[in-house]
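What follows is a set of structures for review.
Across the two complexes that follow, subunit A remains constant while its partner is subunit B and subsequently subunit C.
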Partner chain A sequence: MSELTYKPQYYPGSSIVAKNRRKYLDPNYQLRKLRSISDEDIVRLLGHRAPGEAYKTVHPPLEEMGEPDCPIRKLVEPTPGAKAGDRIRYIQFTDSVYFAPLAPIIRCWVYHTRWRGVDPGSLSGRCPLEARERDVELISRELLETELFDPARVGVRGATVHGHSLRLDENGLMFDMQRRYKYDPSKGEVVYVKDQSGKPLDKPVYVGKPLPEEELKKMTTQFRVDYISLRDDAEVMEFVQRLHWLRTLAGADPNLAKNV
Partner chain B sequence: MPKFPDKVDLYDDRGALIDTKVPIEALSPLYNSAIKRIVSIVKRAVAVDLKGVERALATGAVGGRGCIIKGRELKLNVVANAAAIADKIEKLIRVKPGDDTQVKILRNGENLLVMAPSARLEAGVEYTTALTAVASALCCALIETFNISMWDYDMVHAAVWGRYPQSVDTMGANVSMLLAVPQQNEGMGYALRNIPAAHIATITRKNAMNAAALSAILEQTAMYEMGDAIGPFERYQLLGLAYQGLNANNLVYDLVRENGKSGTLGDVVASTVKRAASDGVIKPLKKLPSGYVLYASDDIPLWNAYAAAGLLAGTMVTCGAARAMQHITSVLVYYNDLIERETGLPGVDFGRAEGTGIEMSFFSHSIYGGGNPCVFHGNHIVTRHSKGFVIPCVSAAVALDAGTVYYAPERISGVVGEVLGEIPELRQPLRYVNEAASKIKGEV
Partner chain C sequence: MTTQERKFMEALRRKFKESPEEKYTKFYVYGGWKQSKRKIEFFEWSQKIAKERGIPMYNPDLHLGGGPGQRVLMPYQISGTDIFVEPDDLHFVNNAAMQQMWHDIRRTVIVGLDAAHTILTRRLGKEVTPETINHYLEVLNHALPGAAVVQEHMVETHPAIVSDSYVKVFTGDDELADEIDDRFLIDINKEFPANQAAQLKPAIGKRIYQVLRMPTIIAMTCDGGTMSRWAAMQISMAMINAYRLMAGEAAVGEFAFAAKHAEVLEMGTLMPWRRVRSPNEPGGIPLGYLADMCQASRIKPEDPAWCALETISMAAVLYDQFWFGSYMSGGVGFTQYATATYTDNILDDFCYYGMDYVRKKFGGYAKAKPSWDIVRDVATEITMYGLEGYERWPAAMETHFGGSQRAACVAAGAGVTVSIATGVAQAGLNGWYLSQLLHRESAGRLGFYGYDCQDQCGSTNSFSWRSDEGLPFELRGANYPNYAMNVGHQSAYAGIVEAAHVARGDAWCVNPLIKVAFADKNLKFDFTRPRLCFAKGALREFMPAGLLDPIIPPR
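After this line comes the complex of A and B, so read on.
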């Protein structure tokens, strides 16, 4: 295949779930903006600093401290947070198994295709994203304002993350033992009354209206046995089984996986 | 006549061409004189902390943390007498005039770099010879220089050897070598893998390309000792060393250059696959109904080498952008996820690099404890699984950190990293190994 004809393809599969995975992974796909949250509210929700407070640093700005003689440092542009010497801080999400747009592992893939200098990790019920503080704030804006977030099925939770696999409440909200957020019937929106680590906020942060389940089903990247099962997508199944088999073959003898 | 058909162009850490069409055997630890010299140095080099000895004796704090023997203090001007001590050590360990014994005084006598003569190692079977010979020689030199009473010999021993032999290793010692004691190796052939990334980054003065190269040389040389570079796996490991560790065909450098300014890890994956496709390493196998193309390769070891080079480039782009080492585990896991999903081909080391990343992420980020990437190495219980393809990335990540961790590489590595960084072959391995390969390219 010539260099010119190669185009990133991100993910196999013909189901809507696979297509959604492919779509979110593609950085050229413009994520739909569904709500607006002010800079100040994002800072308050994260809870790492007070709005307007200077960023705390873990080392001096790179320009001041100077860097070792390393050609890679000359090639790789530091992020704004790294340049300034910001602390490493985080935002962490819990994604309900009930058709949240993302799931922890998909989040990590999406983060790594869309943003630089990120350190996400996936666990069964949560997905932390660590990066330099001002980088976290910039990325958080996109994560909270776009279709990657649903106020009812996604929770911003620094700690006590439990709830991703529990039943939804009467308003369709994911369980949160810390009750960081609640449904405001007067506005029809979800409102955070505590920051991500459970510290009460002096002013609530509104994060928008929950999407209807039918809409979420069109947006989700989660396979479910009671919706679209992994086994329903023959292409994804073929892909997964192929990878498993190739890893095994090549581990036994790389030549066994030749042209397979 | 080379055993393998592969020939590569060799470049230095700044992307400058050193030589073209070099057979990969010229990079093998079995042939390459610079790799042999690096291995020899690792076995023979001992760092002596004379300032540490002086402090230990002056305070009675010997044998590691929490051990202070009051009333047994000895006030000796050890650092001020560094030249005399160095002279005595040299005489004690030299086997015959003109052999390869070397003693170098560093930092105005605070440290010594001692190279034990090869003849001593050849006369034994264990690589600890240099450490034991130098430690004993230092004890003798101190006793003689300061005319120490027989009743204080035990304190001298403890100030030099630390708690050994009550401890398995030389806990709290003021002589050290890069390698851990054999009892701390996870299995046969692991010795060269038992060197924390902090040492590698410090020795190479935080030059990420050289840090990765030194790690790759040590890891892949260990593969020969472990029995992992035999039969179908010899070429596999050698290609990995060439492309990932030694910047063959300038692949790593090119990928970083292409994505350094604005690229993400995902962009590095795409660049790697694009390069593999355009070089004919992978080709489309079939198109699935969605339009997704599965790729296949008629040379899986070469595909792995490309993927491994991409993994290192992805590390450099991600940890480099954040100037932070902790991102390495995320890179190890998700680079492999992404490249597998991009191609339908197995990721680096056929899943072992990704698996290692998952385990390492728990032990470097999580409630399970562990430590920052500085403390990890190829013999570590959570990072030993990949056959030499992970630790070069960890070392590069540590090298690129601007100071985000409490236990910084210099703090963990201490005297040994500083002192051994004085040896050019260890500090700039990429240049020395590639130049040595260039010299023998017609002979292998």
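After this line comes the complex of A and C, so read on.
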């Protein structure tokens, strides 16, 4: 594959929020690892298969399939899950408006710039990622162990996802109607007692200590008036306004948008 | 603006026991769904019904995760009133006023009388005078609800069930209006402020129009396409009777043609095959028509924000709750979402802040020439003000707990304000789209998949007028391609249209005939104060039409 002829800038802006967006979107930036979760616990949390159970497949391994002669297939290296014929599975996150590291649209972009073979979606209160099962597990590890996750302000939820905009509970945890997780005061950690779709776990999964809010503020990608407002980052503001106006002009008449 | 001045503070204090500024609360301690009187009522009814019919019914404990109410099930204040209701009371199934608003729109057609009068005078040599018109109207008021005027052995409808069916007329000709029996006249001079009447009468001219209201029961049991047919049949019969015509002579066919085609104005147009519905269905009602149906501008023409907010409430119920929420998708979810624009005074707060901003900055309404600088300045200011409202007051954020709710309200505030500043709805629309992009970029989130899809491409069509690419904003609606699954947008769009025209001092937005047709005290729904009317429906104080009591066993 040929190299890009330009250096991707990823995102405008000089505020810490804009810098965080730029940082997380850049696949060359190594995400900080903040906690460790075992392979088994990740599999439990996802709830798609039992630990140790073989992956279910929807087609034979590509090597055995005798694929047609296709330039695109030669160009694109299949992901491990695609090579093996894994079924499509998911992980879905809810990010609190109270300084979660990511927000759904940024999360989506991060998925696109960092991983291949993923199908993300963006809603206000959740962000699903669908991919081949073993690929989901690999990506999940990075999503759960690094600075992209906070045990209190980010939730792993398959259905009944709501909570992103609600006030926080007395321990600073985001609301989850299914109570998949709780705060364990003895360890100071958040522990999942149900998998992402709400099925009770036979063994709880600890996902670490909630980060202090001051720390979260340094990591967040959300502009907020009680921290850094979009008004405070002139470059981002002007970027959005210009983008809108160019679209407006070009939509009405492409000639109007020339040299603007 | 200080905390005390924010219009939503009273609602927030009633919703939650904590201060609206408080970021922390408790969950899972409120008794689940039993904290709601309405859900308890539903459950008790359901138990009784299940016993009678032998099939289980409503059981909130079947909900995933232990049932609704793991957090506070909050009440809602109907904006612009001091009335608090439960959210269930705002589903149209549970709200008779909402149903009646839709029925009152759907059961209306406007039919000009001039073609019929021309046929009578020039072809048949009959005399048409105010007296004959009054007589014809009396006959039609007998016939329209479902009564016979020609055949001597004919089934008829029970007057108590169709009591809301009648015909009235209006004209821009004061002399002719003076001659019409007051019982049949929508008097423009009485119903509208003088400056609005002075605009309406020349626009309507010397022509005379009938406003026909078919029975609500017909609107409930048939479809919108029935209305012009029902009207045309009864008009033709009344003509035969009133002018002593031969039943079946060629002229009668012409009356029917005039009433069904040449002189008829339906409230909504046909829709394309993939969303096909007859005329007079919600998806075919243009935004400007809906804005004209709302009569708030007759009451407070000096307050474009209030007029826009009243219009928005009607549009939320009609487009979001009826059309998108039921016709297009089914289920109940859209109501929870659509109520955001007309509850808790949150959108009111954004719009009134915007109107104040415009007045101070431009010295009045519709005084700023539309330009990019104006759109950018006004839409950005109101967007940031709206976002700050949610971010400073966590209770406001929790009240509008869906991102689409917040996006709709913030962008509506921006769009309505640009409209008020410029008096141009198209500029207001452009302000809406700028707001959506700013919101998305600020928060890193907006609405659900289908919500912001339109907003990512909306900037490009906001000034496009060519067919299939755009339209003058007043003529767009759910039938416009980009808005076909545009839930949560049409409500605000109707308000953006209304705000522009009220700011200019216009008596109507698109069609003076629609405006006058709904200036009618005999309508069951109060189109001058829709939000108050919806609140009455929620309190179960609204009496609708079309009730079947005379023909069913006493209960």
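Going forward, the second predicted complex is superposed on the first by the 254 of 260 C-alpha atoms of A that agree within 3 Å, B and C clash if a C-alpha of one lies under 4 Å from a C-alpha of the other, contacts with A are read in each partner's own complex, and residues count from 1 in each chain.
Criterion: a contact is a pair of C-beta atoms (placed from the backbone, for glycine too) under 8 Å apart; a residue touches a chain by one contact, two chains touch by 3 or more.
In this text, all values refer to a predicted model and were calculated from it rather than measured experimentally.
**Student:** Using the touch definition from the top, say if A:G121 reaches subunit B (first), subunit C (second), both or neither.
**Tutor:** both
**Student:** A:P104 contacts which: subunit B (first), subunit C (second), both, neither?
**Tutor:** Once the two structures are laid over each other on A, A:P104 reaches subunit C alone.
**Student:** Looking only at contacts as defined up top, I'd like to know whether subunit B or subunit C touches more of subunit A.
**Tutor:** Counting contacted residues of subunit A, the larger count belongs to B.
**Student:** So, A:K203: does it touch subunit B (first), subunit C (second), both, or neither?
**Tutor:** neither
**Student:** If we overlay the two complexes on their shared chain A, which of subunit B and subunit C does A:L243 touch? Say first, second, both or neither.
**Tutor:** Both: A:L243 reaches subunit B and subunit C.
**Student:** Touching A:G251 in the superposition: subunit B (first), subunit C (second), both, neither?
**Tutor:** A:G251: touches subunit B and subunit C.
**Student:** Could you list which residues of subunit A make contact with subunit B in one structure and with subunit C in the other?
**Tutor:** Shared contact residues on subunit A: 105, 121, 243, 247, 250-251.
**Student:** If you look only at subunit A, which of its residues touch subunit B in the complex?
**Tutor:** 1-3, 6, 8-14, 18-19, 25, 27, 58-59, 62, 65, 67-73, 75-79, 81-82, 85, 88, 105, 108-109, 112-121, 128, 130-132, 135, 235, 238-239, 242-243, 246-247, 250-251, 253-255, 257-260
**Student:** Can you list the subunit A residues touching subunit C in their complex?
**Tutor:** 21, 95, 97-98, 102-106, 121-125, 159-160, 162, 164-170, 172, 175, 177-179, 198, 221-226, 229-231, 236-237, 240-241, 243-245, 247-248, 250-252
**Student:** For subunit B, which residues are in contact with subunit A within the complex?
**Tutor:** Those in contact with subunit A are residues 13-15, 205-209, 232-233, 236, 253, 256-257, 260-267, 269-270, 273-274, 277-278, 283-285, 288-294, 296-301, 304, 316-318, 320-324, 326-327, 329-330, 333-335, 337-338, 340-342, 344-346, 350-352, 361, 365, 396, 399-400, 402-404.
**Student:** Which of the residues in subunit C end up touching subunit A in this complex?
**Tutor:** The contact residues of subunit C facing subunit A are 18, 22-28, 64-66, 70-71, 372, 376, 380, 384, 387-388, 391-392, 394-395, 397-398, 400-404, 406-407, 430, 433-434, 437-438, 440-449, 451, 459-464, 469.
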